[in-house]
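What follows is chain A paired twice: with chain B in the first complex and chain C in the second.
Entry: the complex of A and B
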């Protein structure tokens, strides 16, 4: 699980081009949206595509996203339970 | 008709040009066939949250527009008009590559949103809250001149008082690869000092952005007056000298009235002949300068030429590195610019100090 969290942090930084953020600066429970990393709706789309492409997870219900993308920790939990690749 | 003035200038190029307090005092020499623009500290101009989605062309355009607005003591303008040959080509390449590499799946919005030709003008407008006329001209190597002409007409007719006008183009990997394949980029690397003596086909490609605030009111920051702009999609070499004479006559000028001519030579043995016709013909007794060894060739490189011309008018100085001949004008008042790319899309621009 720890390895997955580190992997997710690296992917978030790379795919969302967070130039001034390093893996060490993102805590597992930091909010991804709002006060934490400050991501927005376009980033949410990028993260949804990342789940599909890298882990084979298709989010059918948009309401699910709010909980899944709360933090790196919640994302890692969801991926560990639902990944198909 | 009202006169049109250039009230501020800004440029990001392969030289250290983003600091307006200096003018080509230290020349960066390049030995390559593709030269990149030097990056200022973009954080001084663009919030990090916005900058992370911007490719280099957008960053260059937004940063230069802010420098130009600041110098003109303006926070907003009536219109934003840009010229670009290739628009946001880097994001276009990124988006199309994703379509191909991911078999038309997993497409994300960021690079698509930022890939249009009007992205730079749009981002500038969003940044300053300009809801006025917003237009981008995409006309190969007369893209910038088209933007300049549009602004000039609007200001002359008093349809606007202050217009931000700029030219921007960026380099991108596939773009470079394709132009190398068709030999539009020189096969061998060239030192920028030796560009015009290379004796080979093709050009050294570059990138950059130059922005100007044009106004129909003279101010304490005014650099020059824009007397005239004209462009031709095609102009046979044998008609070039007559084309120039007609252009000058329309402005009640003779060759002798031109203090400096700024030429767009790029070292391509096949097409520098157009410039040579003028530099060795009707303009042989006029002070001549060139600039593409400093910034490289790109569709809006002529906007760098205008930047250089305005700086020469302001400082009354010709940097040694740009001289094509040894003629020293008694003053730098009236400046003519001529540019073309691969024998097409010719432009003539007349500036006058004031």
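Entry: the complex of A and C
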């Protein structure tokens, strides 16, 4: 699970172009949106694509995303339970 | 009725790894691509706007030229200014359109990136400049086969003559693969260069 969290942090930084953020600066429970990493709605869509492309997870209900994308920790939990690749 | 005369108060070029303001080189580098150049220039000019790194090359180019020019003019991002934007280019958003196409052309590997897709319109470049500098006035982005000073001149004069705006940020922002060029200039009532087709052509 720790490896998955580190992997997610790297992917988030790279795919969302968070130029001034390093893996060490993201805590597992930091909010991804709002006061945390400050991601926006386009970033949320990008994360949905990442779940599909990298882990074979298709979100049937976009409302699910709100809980899944709370933090790197919640993302890792969801991916670990639902990934198909 | 006598036609009003306007002036160009500042102009900025970004081309061939060089950035110049009012004809004077203010940054030069040895970068292999536009992305690297704009990133390095962002650091050099100590700009603090993380969203810059999410922009496509066209928006980065336009944003950077506008940032340098408007900062020189004392236009601060925290103040609302009455400045219209009229930009133009040849390649529209083709550079990013190609990247989007790459992500969707294989039906077995179909993962369009929302972050790329949102830049598949050239006027998004104007949006990025407007958001940064709180510019809510008129704006237009025109596509031409080549730089068209006549059109930019008459369109800017029209906006100023009809008092739609106090100043107009005009120019050319073009990116097509490895080829890029930005030339922005600010037109208003005061400035050292007469706003004329001849002068726009000369500065370009």
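The rule is short, and it goes like this: the second predicted complex is superposed on the first by the 85 of 85 C-alpha atoms of A that agree within 3 Å, B and C clash if a C-alpha of one lies under 4 Å from a C-alpha of the other, contacts with A are read in each partner's own complex, and residues count from 1 in each chain.
We take it that contacts are C-beta pairs under 8 Å (C-beta built on N, C-alpha and C of every residue); 3 or more make two chains touch, one makes a residue touch a chain.
Nothing here was measured: the structure is a model prediction, and the numbers come from that model.
Novice: State whether A:42 touches chain B only (first), chain C only (second), both chains, or neither.
Specialist: After superposing on A, A:42 lies in contact with both chain B and chain C.
Novice: I'd like to know which partner A:3 touches here: chain B for first, chain C for second, both or neither.
Specialist: In the superposed model, A:3 contacts neither chain B nor chain C.
Novice: Kindly classify A:60 by the partners it touches after superposition: chain B alone (first), chain C alone (second), both, or neither?
Specialist: After superposition on chain A, A:60 lies in contact with neither partner.
Novice: If we overlay the two complexes on their shared chain A, which of chain B and chain C does A:18 touch? Say first, second, both or neither.
Specialist: Both partners.
Novice: Counting only touches as set out at the top, which of chain B and chain C does A:52 meet: first, second, both, neither?
Specialist: Both chain B and chain C are touched by A:52.
Novice: Determine where on chain A the residues touched by chain B overlap those touched by chain C, and list them.
Specialist: Comparing the two interfaces on chain A, one with chain B and one with chain C, the shared residues are 16-20, 38, 42, 45-46, 49, 52-53.
Novice: What does chain A use to touch chain C in their complex?
Specialist: These residues of chain A touch chain C: 15-20, 38, 42-43, 45-46, 49, 52-53.
Novice: For the complex, give me every residue of chain B touching chain A.
Specialist: 48-49, 51-53, 102, 105-110, 113
Novice: Which residues of chain C touch chain A in their complex?
Specialist: That would be residues 39, 50, 53-54, 111-115, 118 of chain C.
Novice: Spell out the residues on chain A that touch chain B in their complex, using ranges where they run on.
Specialist: Touching chain B from chain A are residues 16-20, 38, 42, 45-46, 49, 52-53.
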